[in-house]
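Shared between the two complexes below is subunit A, which has subunit B as its partner in the first and subunit C in the second.
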Partner chain A sequence: MDLAQIAVMLAAAALYLMILPARWRGWALMIGSVVAIYWLQPSLAIRWLDYALPTAILAITMLGWYFTLPQDVKPMRADIAAFTVTILIVLTLSLTRYIDVPLQLTTRPPPLETVAAALAALLLGGVLLRRFLPPKALLWLAMIGLIVLFGVVKTPALAQEAARLLRLNAGQDSTLAAGSELAWLGFSYVAFRLIQTIRDRQSGILPALSLSEYLTFIVFAPAFTAGPIARAENFTESFRALPGMTGRDAQRITVGLSRIAAGMFKKFVIADSLAAFSLSPVLAEQAQTTGSLWVMLYAYGFRLFFDFSGYTDIAIGLGILFGILLPENFDRPYLKNNITTFWQSWHKSLSDWVRFYVYSPLSRSMLRRKPKPSNYVIIFISTAATMVVIGLWHEVAIPFLIWGVWHAGGLFTHKVWSDKTRAWYRGLTAGRKRIWTAAGVLITLQFVMLGWVWFAMPTVNQALAVFAGLFGLNLGGAP
Partner chain B sequence: MMPGWDWLTRAKYTGGFMLRVLLKAAILFAIINLLFALTNPIPALGMISIYNLLSPGRLRLPYGESESSYNLSLYDLNAMFASHTLNGRHNPDEAAVLVMGDSAVWGMLLENKDTLASCLDSRALSVDGRPARFYNIGYPTLSAAKDLLLLDRAMEYQPDLILWLVTLENMPRREQLATPLAQNNAAAMRDLIAAYDLDLDASDPRFVDLDFIGRTLIGQRRALADWWRLQLYAFPWAQTGIDQVIGDYTPRSNDFDEDATWYELAGAEQLDDTTLAFDVLNAGIARAGNVPVMMINEPIFVADGVNSDIRYNFWYPRWAYDRYRELMREHADAEGWTYLDLWDAVPPDEFTDSPVHLTPEGTQMLCGQIAEALP
Partner chain C sequence: MTETEVREKLRQFILADLIKDPKYALTDDEGVVSGGLIDSFALAEIGVFAEQEFNVYIPDPDLTVAKMNTLNLMTARIMRDIK
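What follows is the complex of A and B.
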């Protein structure tokens, strides 16, 4: 989100709180979010794609809702209304192909009949799948489908191939295809929220959600681009309380605006300033001294924090204004004295998600194995899988895989260390404990910062060259 | 509920509280804007700099608009000089030599180590028996008045010698105020016009005179942002030593149309003190006072292609440039300038993308000639 987009959302929040009748708030959030995902999606070089991608998000979200609907539950009138409104928005936006309107939300969309045919095919396919597939198989199919789609979008080679096919389909030069052309805004978060609802349905813990609740939960505009990933039950609790919410609540408005102001300062003042000298492939190659590389690395680490936590503050603040309580994502992570507490305070909604949907099921399944592996083996494998998923969530690439393993190694080492030293630590005096805590903060910070090298450098060779430079070897030898 | 934000959520806020905050914020904002407009803190702010404090000073004045060069163009002379290594000068035993001029002196398409000032610096030269340190205060854009503006500011650093490189293209009177640096330093430029009775229009419409709104914080946000960006670039400058991205360029033309005009003038008799700003050069020498100034006619590219019999290069028809050299010599003799005419000191192969931009080797040649002529 840029400043203009934040300003528009603030204006929308003002109208929402001051003018809109309370009973329309849920609908307003749904309609506003549906429109916003078109507006937020940057334009793309491939014809129709910046219209098609948000439309695809809406389509798979509605299918996700339909597939997770219990078999004995039929769509209600409100669901049909939400579906109709969403389809009408999609079709209305496609009409901007034929008329010039001052505020174009997308570049020229495909012809109306193409959009209508694609939506009809998806709808028919969804109905047939739900009718003829057993519920369990349907949910597994939906989840696998999402994971495959996620894999395509996040794997540079596959994304490039997809871009090539899309270019061919659009009658454009396929030799110019690049993976970056598949810049699908918000999909990482949408996919994880959808997978979350499918897993929760499989486990029987997904609350009953109307289509408008489900749709708003998945594409809620303030959290669409950079999270956080809420839990459906928490989101719905806020959503259902909207009609009873006091619009002109000074507490809500003050807290919301304060969070937005804090977030804007973090993002647009601190993070954007640090960006001038943060580690990047170009700067790493130009660095003349070891000290320079360390400055760049720390600038990168702090920039990442201020950028991301700034966006989170803005999302949470906007959420508060709209009456939706989003989860916290950061809790002073660089002040934590071990890597475990770091991960409990860095991108918390993602790490909670992965802990819930990867770590716990995996460790539980290993605990049930006979013979049961040792606790350390279970912890190591579960931790490694968890952190690798977090790494690959950013991009399916070797440096992100190594970054995941790096942190898994740190977490496992800390687990072993704390198990072995617990009794010794308890026997320390308060003063010595403080010293160890301070040392822990420094060591954790250093470990996390060094890990960002894998995050910042696009190839393993470049990352290794930076490591070499950081420790006074091979400076200027970065490939 | 909101870890780390207890301080925010603990308090109870009312509508009255919000109104008071809004009112106070509005009043504070208005006061700050008013104070900003009344006091104009930008020049004072410009003197505050990370350079020469947390990072080394720049070896040439900030100029450029490429993010990847960690450099930018701004108009705040204080900020520009505060970022320069000249501002960090602290060896009283050295003789400070200012090297000023256009983009050729600044070092367009040259790394810092290859500029004229760096070359002279590397030769361990002496001036008046003291080790000389050469400071590059060249600045791209062609205007002797812009040089005068920079010299006026640089005199605060008490130099011991000034090398001023000029070429005909710096001299057209009507182009003196065409450079944005001069236009955006209207007050300083007008002071110079008045002090030295320059034949330049103090009410030139190209001068940027800020109205009240333009002087407020809102109006000055670009100047503030530029100052802040310059400070931020101190870190990548310190880490990389890069202030210019040197990429591919189109070489200067060697063939020309059959055109013998220069700024719509067509004869040597039209070139004189009314069309060329010799008074600006005299003003520079006067501003230098007791500090010796060596005026140098910088080398130009001499073409041998189509129509090279009527033009030396893309900029200069032969008649115009020859007449300019005559006039420079006449003025030097009449005014008693220390004058060095090095117009053909560098062979054609050593020019890059313009009739005055030199290769590193060309710069070395020029550097050698100047070094020999130093007092």
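What follows is the complex of A and C.
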């Protein structure tokens, strides 16, 4: 979110709180979020794509709701109304092809009949799948479909091939195709929320959700770009309380605005200042001394924290203004005294997600085996799988894979260490514990910062060159 | 199975298999995870124990510190679904 987008959302929040009748708040959040995902999506070089991608998000979200609806539950009138309103918004936006509107919601969309035909085919396909597939198979198919789509979007070579096919389809020069052209805003978070609802439906813990609740949960504008990933039951609790919320509640407005102000300061003042000397391929090439590289690395680590936690503060603050309580995502992660607590306090909603849907099910499936593997084998495999998923979630590329393995190694080492030293640690005096805690904070911070090298450098060779530079070696490349 | 039986079976499992200190005086409302006695992996072990011992499946998002930190919380969660 940039400053203009935050300003528009604040203006929308003011109208929402001051003018809108309370009973329309849920509808306003749904309609506002549906329109906002077109507005937030950056324009793309491939024809129609910046219109097609948000439309695809809405279509797969509505299918996600329909597929996770219990078999004995039929859509209600309110669901049909929410569906109709959403489709009308999508079709109306496609009419901006024919008229010039002052609001830049999307670049030139495809013709109305193309949009209508594509939506009809997709939704009809969904209806037929639900009708003819057994419920369990349908949910698994939906989940596999999302994972495959996620894999295509996140793997540069596959994204490039997809871009090439889209360019061919649009009658554009396919030789110019690049993976970056598939910059699908919000998709990483949308996909994870959708997978979450499918998995929760399989476990029987997904609450009954109306289409407007489900749709707003998946595409809620303040959290659309970069999270946090709420839990459906918590989101719905806030959503259902909206009609009873006091609009002009000075305390809530103050809390929301202060949170947004704090987030803006972190993101636009601190993080943006640090960006000037944060580690990057270009700056790493120019570094003259080991000390300057360390400064760049720490600047990078702190910029990442202030940028992301600042963004989260803004999202949470906007959520508070709109009456939706979003989960916290950071809890002073760089002050933690071991890597396990670091991961319980860094991007918490994503780490919770992978713990619930990767780590825990994988560990449990191995714990059930007879003969059961040793606990350390189970922990090693589950931790590695979990951290690799977190790494590849950013992009399917070797440096992110190594970053995931780096943290898995840290987590596993800490697990073995804490098992071996737990009794000894409990027997320490308070003073000794403080010394060990301080040492733990320094070691954890250093480990996390070194891990960011894999994050900042796009290739393994560039990352290795930075490591060499950090430790005063020169392997021949940069720096 | 009564609530007391469930609680005692859980207590024995936690002391013998997770904390590995059968003499530890674990109270019913003591935070086992927040107190550092067990870690989040042990929650997965408790999940499997609940399946095998009580035939209760606890979904993964319910295996959290907030929901499973004490013997009382674990017992209540299992009693909710026990047949």
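Everything below uses one rule, namely that the second predicted complex is superposed on the first by the 476 of 479 C-alpha atoms of A that agree within 3 Å, B and C clash if a C-alpha of one lies under 4 Å from a C-alpha of the other, contacts with A are read in each partner's own complex, and residues count from 1 in each chain.
Note that contacts are C-beta pairs under 8 Å (C-beta built on N, C-alpha and C of every residue); 3 or more make two chains touch, one makes a residue touch a chain.
Source: prediction; values computed, not measured.
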Query raised in the report: So, on subunit A, is it clash or fit between subunit B and subunit C?
Result: fit
Query raised in the report: What is the contact status of A:Leu283 with respect to subunit B (first) and subunit C (second): first, second, both, or neither?
Result: first
Report task. Please work out whether A:Phe467 is in contact with subunit B alone, subunit C alone, both, or neither, and reply first, second, both or neither. Result -> neither
Query raised in the report: Does the superposition put A:Arg364 against subunit B (first), subunit C (second), both, or neither?
Result: second
Requested in this report: Tell me which partner A:Ser418 touches in the superposition: subunit B (first), subunit C (second), both or neither.
Outcome: second
Query raised in the report: Where does A:Gly204 make contact in the superposed view: on subunit B (first), on subunit C (second), on both, or on neither?
Result: second
Query raised in the report: Once both structures are aligned on chain A, how many angstrom separate the closest C-alpha atoms of subunit B and subunit C?
Result: 12
Report task. Report the residues of subunit A in contact with subunit C in the complex, numbered from low to high. Result -> 200, 203-205, 231, 340, 352, 355-357, 359-361, 363-364, 367-368, 375, 378-379, 382, 415, 418, 422, 426
**Report entry** In the complex, subunit B residues that touch subunit A
**Finding:** 1-5, 8-9, 12-15, 17-18, 21, 68, 70, 228-229, 232-233, 235-236, 238-242
Query raised in the report: Which part of subunit A faces subunit B closely enough to touch in the complex?
Result: 248, 250-251, 253-255, 258-259, 273, 276-277, 282-283, 286-289, 292-293, 295-296, 299, 316, 325, 328, 330-332
Report summary line: subunit A partner, complex, touching residues on subunit C are 36, 39-41, 43-45, 47-48, 51-52, 57, 59-64
